[in-house]
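Look at the two complexes coming up: chain A is in both, with chain B in one and chain C in the other.
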Partner chain A sequence: MGSIIQLDRLRKTFPGGVVAVDDVSLDIEEGEYVTLLGPSGCGKTTVLRTVAGFESPDAGSIYLAGQNVTELPPYRRQVNMVFQDYALFPHMTVSQNVGYGLRIAGMPKAEIADKVRKALDLVEMSDKGERQPHELSGGERQRVALTRAIIREPQVLLLDEPLSALDANLREAMRVELRHLHQRLGLTFVMVTHDQTEALVMSDRVVVMEAGRVAQSGTPAELYDHPSSTYVASFIGTSNVLRGHVAASGAKDITINYGADHLKAVRNGAAYADGDAICMTIRPEKARLLAGKKSDAKANLLKGTVGETLFHGNSARVTVDLASGDTFMVDLMLPNTAAQSDLPVRGTAVTVAVDPANVNTFADEAAR
Partner chain B sequence: MRLQTRKRLAAIGVLSPPLLWALVFLFIPYLIMFTYSFYLKKFPTFEAAFQFGNYAQLLLDPQYYQVLLRTAKISIMVAIFSALLGYPFAYFLVFKIRSNRMRALLYMAVIVPLWVSYLLRAYTWKTILGSEGILNSFLVTTGILDKPTDIFLYNQFSMVLTLTYIYVPFIVMPAYASLEKIPRNLIEASKDLGVRPLRTFWSITLPLSTPGIAAGMTISFCLTFGDFIAPILVGGPDGFMIANVITAQFGAALNWPLGAALSIVMLVVVLTIISLSDRLQRSGKLEIA
Partner chain C sequence: MAVVENIDAVSGSKLTLADRISERGGSGFLVTLACCVLAFLYLPIAVLVVFSFNDSRTLTLPLTGFTLDWYEKVANNTDLLNAIGNSIYVATFAVLVTLVIGIPAAFALDRLNFPGKTVFRRMILMPIALPGVITGISMLNLFRIMGINLSLETVILGHATALLAVTVTQIFARLQRLPRSMEEASADLGANPIQTFFFVTLPNIKAAIVGTALICFTLSFDEIPVTFFLTGRENTLPMYIWSTLRRGITPEINAVGTLIILVSLVLIVISVWLLHEPERK
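This part shows the complex of A and B:
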């Protein structure tokens, strides 16, 4: 399977000089579910709209199945889009909405009716074909918009914040439904969202964007375990960020001076020179608290005192004030044998233990 | 006092002045006119009666029903031409002008003439179309004509032209409002589904802006239907419209009952058009979902 979309050094500046997309290159494989993730204004929607043909880039090219489509108008591109607020035609019924593109293309009526029915069946909406869009619930509109977008069998389906207009419960259900639809259709999905959970749950690959650029691209697990900047680390999940300097780098691991401590981290491919400023990110649930005099020879140990404890039911987040002055969050899972009263009390001296494999490192951008 | 009663009293208090106004200055006059339309003319005055002679005269005497038909024809033409000029302009403003300032400027350019006296605007066309007018002097000096012609003025053409000019703003305003309300992503969605711009216009933009066009055409139709200045200024003998006949009945002809009957017919026509258009706009009133 080759790449279905190739973006080559795409650049888009809006009137007023705002650079929305800054030199973005991206390859999307056929059948992949790719999510562009980032806060509003990071350029993710502009990238999507450029692929659809609603914006033309100032520089760079877009290839769709190997064909350069940069100059093609939207109505001649084999992609379809699910709009953020669905963009259903209010003067048409559900069936008319779904069959609209086919009707204008001149497909025989009977054939359209057949296709529309089958497509609506796929999303369990076949009994609502004669309804007007305003008679539908949010979730139903969403399904109609989806059906309308896939009925022309596009090469790529674009989804612009498809779940943002739904309420929380429905959103969760639709996540699963979209994921299933993707598996069933075998289509390439490109989704834009600002919701990190959505991105992690639904996609094969997540492209995190920052100020018009690609900050990092990888599978959800890669992004979660090995963020390459504090931006990505803080955008996806919660991280403890510690700053230090490289003391020594070995074949397998590196030693980092952090305050008075020496921490070990497993190498992740990046090359550091001794003395380089370095950032360490550690997920709260990947650190442990050692009670009393217990020790762990293999782990990095950080001494501190317990600050705040937040009880979440199945887990608790404990803030530890480290000797270095930083605060460090540790998530404790609470098995059924533990009670709320077993949680550490404020002011208790504790040791935080982190395995070197769970210390993610990258060059400190703040020191550059 | 119970809350319910107090609320009701407050509602009556707020609503009674406008209701009173409507009663005294609208319903009662209409009622008087309605009664008059059944009166019998007895020169030099008329006497109270209940007979349908006036209405029969309207329907049977070609002098009257032809004026009615002509008025309807001119009003329809004005409504159509205003729409043909005003709608594309509104479309252009909403979709083609990128700069907000430019759009506001052009919109004002259409609206500002409404601040100028109606009489003056109608008179302008007299100075353009007249035999001594700008158009004639241009044609003569350029040698296209060897002497001024009077075919431009005092006919139905000059009336339709003048009235269209005057009522175009009434199309531009509602058309602009309804076009502006159409979410852009509907047009994008149409193109996304493989539909070319022209077809997108026919299938999406035009149907969604129909309420605005209908409102505008209704206004220009109704205003033209009751117009009596343009026929006097630029209309000439074959441009006489229903309102002129009504004026004459209440004036020189001194036939109030017939004038009242004509007014009632006119009122019925206008109300019918308005309610039809209202129904159309309501059916087309789409909750943009």
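This part shows the complex of A and C:
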């Protein structure tokens, strides 16, 4: 196992001065399923297109399996791409589309036919080889695009928003199918998406991008539990963001002044000096509500009153107006014995309890 | 769709008798109007076709009988046949020249970004709005200054220039509808730019090219103003017809006219069919 793709300080500015990719360095391991996640315009697609060779970077270099391919045209790179609009050739049948790359490579016809048949078998499309692309459904077209891209056995498969053109049900099924395909083929997948659920469900590693830069890179669980900025915390899932100052920093945990309260958080490796402005993010489902005078010695306690209660069926989201003035969301999982009448009522005094392990901290970028 | 139909059904049931009559009357008026427009467009052509088969030298009603004599006369008229030959020659080469210049121009407009691109596009399209007389006179002046003798070849250049606007517009429009990702996919699958052009781009714009060529052929075949200024001693068919008209309309001319209409119609139908290929998405 080694790096199959290495991006070294990649930079790309478009005419008009828009910096699409700003100093991006990235190592992708062989066999990894990596997702570039971010809103539109964050540069994720440009990074992908640079790897494919459709855009040439202004600065920086790209290595594929150790070879510098920065100057190579797309047709000399051992990568294949699944396009957002699939880009099937409308004047060719499904089989001709799938076999195109082999035909270009000069493979004998009989061998191409054989390989195409096997590949179409793999995606259960063997009976549709003679169809024209416009006769296929969206999901079928996508499978053809996938098959066409993997038949050349590339070192890396690039996927540009592969599921965005499908309807919701199909999208969910294809998530699983793509994931299985990745496991079966053992190829390196690099996918671009703006859909955080897609990124969390499908990838081994997620690279969150913001304005042309890598905001954070990590496994889905790392990103979810330990976001390193408010941007990542709010882009992936929902978070309560509280701002405070470091009061004391111990070996295992740190104490933070938040309003009149002292909150404890487990250290996550970052070094803070006393008095540093700090951000705390807490996931709504990792906080608890304590009714009345109940207490919990180990947890951080925040007093407030119940604001809104939103019933979601299997859970309920309660917003608590804290004494500090912030609003805090708490998700309550509802056991099967719960009735809707058991939910907290507006105006009730409650205490929010959060274990120090569930308080994620990072230096407050707004105070810098 | 179903919802719209339902609304129609509901409102339909509430129509009074008077409403229905006026509605019928309204659509009757529209049908009459449409018929008038069609008659306005096609009555002259119908007259030409009918009289080409009429058994009389004069173009007056009533019709006297059916004959194919005028078509026989056309077949034996060497001047006329010469003119037809010249027209085919001019149209064919005008189309070839305009395609050779127009296709790369359309690609440049679609693919390249260069300073003054908008101006370039406007200037290419301008000859569409320019009267043929102007194109004719200006090219005549140019050829005179350059000391080039007028001939069918100068007519070809004139036609090719006038047709360039059509060619570039049509092919540019097709290229714009061609998703760029298709060519990228081809490159991604290992095809070099030449392979991509022949295996992916060309097959997708082929219909547009053939359709444009047919339209241009028809336009060139009928062209008079530019031809008038640029031809030497040889005559194209429209010029020949025009010159014989000075001695009055003969049924022979009607016969030629009918033949031209027939051929034009076939070419136009084919080209329209090719240019409006069903959108494959």
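Before moving on, here are some points about what is shown:
One rule holds in what follows: the second predicted complex is superposed on the first by the 368 of 368 C-alpha atoms of A that agree within 3 Å, B and C clash if a C-alpha of one lies under 4 Å from a C-alpha of the other, contacts with A are read in each partner's own complex, and residues count from 1 in each chain.
Following the convention adopted for this analysis, a residue touches a chain if its C-beta (ideal position, glycine included) is under 8 Å from a C-beta of that chain, and two chains touch if they have at least 3 such contacts.
Because the structure is a prediction, the values reported are computed rather than measured.
Superposition of the two structures on chain A leads chain B and chain C into a clash.
Touch criterion not met for A:Y231: it reaches neither chain B nor chain C.
When the shared chain is aligned, no partner comes close enough to touch A:Y63: not chain B, not chain C. With both structures placed on the common chain, the touch criterion links A:F89 to chain B and to chain C.
When both complexes are overlaid on chain A, the residue A:H134 reaches chain B and chain C alike. According to the touch criterion, the shared surface of chain A, contacted by chain B in one complex and chain C in the other, consists of residues 52-54, 73-75, 79-81, 83-85, 87-91, 100-101, 104-105, 132-134, 148-149, 152.
For chain C in complex with chain A, the touching residues are 113, 179, 181-182, 184-192, 195, 199-200, 203-204, 280-281. Touching chain A in their complex are the following residues of chain B: 183, 185-186, 188-197, 199, 203-204, 207-208, 284, 286-289. Against chain B, the residues of chain A that register as touching in their complex are 52-54, 73-76, 79-81, 83-91, 100-101, 104-105, 132-134, 136, 141, 148-149, 152.
Remark: chain A residues 15, 52-54, 73-75, 79-81, 83-85, 87-91, 100-101, 104-105, 132-134, 148-149, 152 touch chain C in the complex.
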